[in-house]
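Below are two complexes that have chain A in common, paired first with chain B and then with chain C.
On to the complex of A and B.
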């Protein structure tokens, strides 16, 4: 009974096809980066209007640089895809009365929030692991071998980064009427914080995890504080979302 | 680009991407065929899914389906 909503989410994800399309979309996104970087000189040569005989020299990126590019790609477009797919999570169930119905059954809000969040977190995690695997495959065959340990840590940091952003999104979605606005708020905050962190020394912020997932491939990092604050933000976001979940649509 | 002249390695590069794209396309088409109503005309979505690589099916999954 406790797991009923969680299980229902997976059944719905299957009939909704998001169980299939989200991982595939992330995998393609990750695979495209090494492939484009590899063929970039050819693409430029055939597409650009260079005079005959001009020599284009682009230094071949190292495998680590390619994987950093993959991490950036996933953090920008991948996060957008994941959040957009989760967009209707609370707003739709509020409009069609599902949330009110669940409340009338005396199902605690915490269970509703955790079930849905857990489903999306696991789905994202699975998708990211597959995406990183496809990026690793292409980096291996097109470029060179790389440090598997660093890559593993990079994947972990990236996954945590996604789960934290999902938690923030779930909090905003629980409070606001519109799912679209919730996505915009989450991504806007993500964007602003990413810029701020570049300007001022805010290395302990949760939003630092994303960049760290790239930097770990190239050098040494200090991830302790960002990880701790991330877990804290995650906990606060989920607790608040459970407490403040709006069951009824205002309109 | 010595790889371009080696058909085996070319296959190694293109085949996985091709298969992933195909699965995405087929799943989107199955979903479209089962759905009675879409967000906008159905034939437009058919064209979008079929002719816009990768992005077409993703856009359909995100916006093409009516809320149930």
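On to the complex of A and C.
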């Protein structure tokens, strides 16, 4: 009974094939990076339209630099993929009335939010693990070995970063009627905060986790405060989303 | 179930104002024009929205089955899966989805809800609302998408269900409300205008139409009749609007004898919820 919505989300994910295409999309995004970097000189030579006799010298990136590029790719396009997949959370259920029906059954809003969030968080984590594993595989065979411990921490930080962004999206989606607008607002906030933390000394902000997931591969990092604020933001976002859904304002 | 001074505002708009009533066992129909506040009241009773003011006694503990105006169905689930999910959500173990579907006149088709017709969706919505054997069944226009046969079946189902629970349903089909309801509530502009049994509401009103052979009478001849509110003439027919049917019938017949005229036809028109509805909303 308590797990019914959570189980239903997985059933829906299977029926609309979200369970398959999200991990595949994330894996492709991640695996493409080492492959593209490895073949970059050949790609440029064949399609770059350079005059005859041009010499292109591109230093071979280190495996760590390749994995940093993978992390950036996932944080940009990968996050977009995940948020688009969750776009209809709440908005579609508002439209087809199922959210109101769940409320009439006296099901706590917290259970609705946590069940859906739990599903998307696990799906995203699974997809990210597969994506990172495929990136690691191609990096190792095309470039060289790297520090597995650092890569493991990088994956953890990246995963936490995604889950925080997902939590923020859940809050925005609960507040707004449109799922598309909720995705745009979450990505806009992500974009603005990513620029701001580059300019101003805001190393404690949750949005620092993304860059840290790359930096950990090439140097030492201090992730304690961003992790703590991320957990705080996650808790606040999910609590407020539940409060908002406690009584639906639409008749 | 007692509803006390329920008010719901959306910003400056008052959808429902100071509505109080007691919901009784049996079937209650909720009437009113579009925008009268019927759906708002049902949403408040279904716990979908919170009231701005007022409360409902025993609201937290009661099992509620709710059919919104557009049935709340998951597009990808088949009818059987829909009912199984509803049973999972409510922790209902002893439910046979196929039997329940048959009870609302639906076959367990292997098609997702998104591919069902409007009538089938409505029936599935009713079955979904019944899964956990609710004590209060709230139905927002349950027959609006049904053909005449479907409407008849749902009315029969309501008559069957009302023996075991409270039912409150909104409708625009007034003859249905007259037939199926034990109690009627009439909302107008967010206020509860009147409530009672159909007989209570319609009272002793009627209209009597009288045609005479070689009618020599004038309006003066039909003045001061007991129980008659208004007399009008339309062609060769006299029409009497009455407030007391029995008194007025006797008075009219006595006057006919006094005048010594012969009756060609006499028709007593019984009042309907429809005429009451139109009169109230005029």
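Assume the second predicted complex is superposed on the first by the 245 of 251 C-alpha atoms of A that agree within 3 Å, B and C clash if a C-alpha of one lies under 4 Å from a C-alpha of the other, contacts with A are read in each partner's own complex, and residues count from 1 in each chain.
Note that in this section a residue touches a chain if its C-beta (ideal position, glycine included) is under 8 Å from a C-beta of that chain, and two chains touch if they have at least 3 such contacts.
From a predicted model like this one, the values you see are computed outputs, not experimental measurements.
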Inquiry  = Taking the superposition on A as described, I'd like to know which of chain B and chain C A:8 touches: first, second, both or neither.
reply    = second
Task = Answer with first, second, both or neither: which of chain B and chain C does A:40 touch in the superposed model?
result = neither
Ask   = In the superposed arrangement, which partner chain does A:98 touch: chain B (first), chain C (second), both, or neither?
value = second
Key: Partner chain in contact with A:107 - chain B first, chain C second, else both or neither   = second
Task = Please write out, lowest number first, the residues of chain A touched by both chain B and chain C across the two complexes.
result = 96
Remark   = Given the complex, residues on chain B that touch chain A span 1, 3-4, 9, 12-13, 16-17, 20-21, 23-24, 27-28, 31, 54, 57-58, 61-62, 67
Ask   = Within the complex, which stretch of chain A touches chain B?
value = 17-18, 20-21, 24-25, 27-28, 31-32, 35, 39, 41-42, 81, 84-85, 88, 92, 96, 134, 137-138, 141-142
Note = As the complex stands, chain A meets chain C at residues 1, 4-5, 7-8, 12, 15-16, 96-98, 100-107, 246-249, 251
Note = Per the touch rule above, chain C residues touching chain A in the complex are 10, 15, 39-40, 43, 46-50, 60, 64-66, 68, 70-76, 85-86, 88-91, 128, 132, 138
